[in-house]
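Before anything else, here is the set of structures, which you'll find just below.
Both complexes shown next keep chain A, but they swap its partner, so chain B is in the first and chain C is in the second.
Let's turn to the complex of A and B:
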């Protein structure tokens, strides 16, 4: 049995003004991966390649054991896909959409779809064009979830939603995800959204994956150290320092390999550790991006 | 090719365009009614109206089911379904052609039937067949351009070229000696020229559809 739901190996896609470069990515079955990147970083291109909707120029893509894009039709039978730019047919009702999708997916769960209707507070007889943006996102999620996919791919589903609708969608999504184990790839430029539902995080910037790890590992390993240097003291050499800020006497270091033992290393070097601050996922992402971009410039 | 999936996509497009389809059928019946009155002016008026309705439904279907699908961003929903782009292309071609063929066949059978029923106009049968095939060709051109470019601008350009083609070629065909001769007579005269033109039109239809499948098969980006 293949325990990887998604496997990218050396995947490249070249456009005139953008290149997805040598992308390798693994999504183990049963995990929820958040794909974080700025606008234009390559998240949607990655997801479109995953779905077989864009063909890679190089590299291997396997989704649920199927080679993409060649076996996309078979793979998509087990994938639920919702993207920010996906719209349903305005003149048709949600009930029609449900019946249409049901006719395609033999694993469609009618009872579950009715439960989702209630949970999302959607009316099946309402036409799609009469729904708010938040309701449309919920309708698309319902259509993706009720087909009981082995892999759920969500490409910026919360983009464009107002804060209330975003929390509603995320809240409902988290409640739905708590129902059972699912493999999910969730892309967003909003780190807060991703942090809420993901257990694996991948950062993408300028068409390259710059970091990929367990969410807890990111949050545990990344720290901001506020130091006070004595007049004759030097900045201690610490592992994993990606950013040095502050002033000469009051430096602020960001490390991605924090270890409590670092505090004594600093003290031994004549630097007092004033504070060790945990970092949010957004801060970690921004520091990561800056550090990589600086390396590229150098 | 997953034909069951292609069929579902075709039925989906028909359902979403049901009012346009029913409207065009009603238009066809109404124009045939005008033609059936038997007056010469009614015949000419009815024929023009019939051609307008047929060309309009062909162009409308191509724009509404292909260009609008991309423009209104329902294409990602369709492409998230278990289909390949080949099946998507097949569904669009079949869905559009079958819908077009319903009024088109009605028009061909109706107009040729009328001509056969009126003994003095039977000579127009070959020309009517040629012009009917020309309308089919024009619709296939619009369909091919809409599918390959998925652009409203190009689709509009194809509609214009198609219309100019129907009128221009219609005029040119009417002046080919082998077709012109006996056109206004009481008997059907199938000349070699009429057969060649008709055959060329159907070959061009086949080529257009073949090229569409070929180009679509080589596309690498679908969204």
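Let's turn to the complex of A and C:
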């Protein structure tokens, strides 16, 4: 069995006003990856290429060991896909959709689908057009989950959900991961969701991957250091500094290669370390984007 | 039910530290008994709705502290007594020492040379720890 559920290598796609540039990505089976990016960063294009809905101009895309887009029909039997622009049929009921999906996918799990109806508080006899946004998202997710796909691909699954629905959805995603052969890739601009449930995190900006690592590494290595310099003191040079702010005497540094030894390096150089702050994923993402964009414009 | 741990979003500490603290407490008050099985990493991740990698990190650190014992493919238990943790480490050590002896022979080292290499490694560990202690003192 393949250890990677998703494998991108040197994938490019050129549009008149947007380029997805040399994307490489690895998603190990049994893990959950959050794809974080601003609007228009390339998250949806990446997901569409993964699904074979858009064909890359260059590069290798393998999903569940199948080459995309060539073997997409076979791959899709095992992929559950939910995106914002996916429409269910308005005049039909949820029950109708359930039996429709069941007729196509032999792996449909009826008992699981009924449990999901209860957990998501959905009524099968209700027509889609009468559902709220949150109910539609949950309905689409139910239709994908009950097929028990090996790979779930979710484009902004929690956008526009109320707090209760959000927790229901996140809980159900984690429940999928109880089975170590299943894998989830989801995109979001809600870093809180990603921080909570992701194992792997990939930041994407302006069509490029700017960082991809496991979550604990991100949280461990990024720190904000608040220093106090003596009047004649210089800013010590530290590894991985991506941002320098604050004032001359009270500089604030952001580093992506923090090591506790830095504190003594600073002290030896005559700069007192006032505080070492851990950063949230949101702060890490924003600092990352800013530093990359600055480098691009230089 | 096994796990009634709570992860707080407003607690400034990383999630893995929160998990570690609460497991330590559960064990200290006897909710999780010595020698008994505890939830697997995946189970706990699912109930807490946090990523597997976060729970894995907490378990690894707890194991390093000798609080729990994880056996490959068998899940984790609360260390039954202070002794068992060290017994398991002793078995592990014996395995590695055998391997060291084999590799030494392969390289044509004398037993004395092998011993001095082991000595160098333990010395290195001591100096590393001393610098780390000094740093954490300065850091806190």
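The rule we apply is simple: the second predicted complex is superposed on the first by the 276 of 298 C-alpha atoms of A that agree within 3 Å, B and C clash if a C-alpha of one lies under 4 Å from a C-alpha of the other, contacts with A are read in each partner's own complex, and residues count from 1 in each chain.
Operating definition for what follows: contacts are C-beta pairs under 8 Å (C-beta built on N, C-alpha and C of every residue); 3 or more make two chains touch, one makes a residue touch a chain.
As the structure is a computational prediction, the values presented were derived from the model and not from experiment.
By the touch criterion defined above, A:175 reaches chain C but does not reach chain B.
Of the two partner chains, neither chain B nor chain C is touched by A:60. In the superposed pair of complexes, A:244 makes contact with neither chain B nor chain C. In the superposition on chain A, A:275 makes contact with neither chain B nor chain C. In the overlay built on the shared chain, the residue A:72 is in contact with chain B alone; chain C does not reach it. When the two complexes are overlaid on their common chain A, residue A:167 makes contact with chain C while staying clear of chain B. Contacts of A:197 after superposition on the shared chain: chain C is touched, whereas chain B is not.
Only residues 9, 12, 14, 16, 42-43, 45-46, 49-54, 57, 131-132, 134-136, 138-139 of chain C touch chain A when the two sit together in their complex. The touching residues of chain A, when paired with chain B in their complex, are 48, 51-55, 69, 72-77, 79, 81-83, 85-92, 96, 100-101, 103-105, 140, 144. Across the complex, chain B meets chain A through its residues 2, 5, 8, 12, 15-16, 72-74, 76-77, 79-84, 87, 220-223. Only residues 30-32, 167, 170-171, 174-175, 177-178, 180, 192, 196-200, 214-216, 219, 260-261, 263-264, 267, 273, 276, 278 of chain A touch chain C when the two sit together in their complex.
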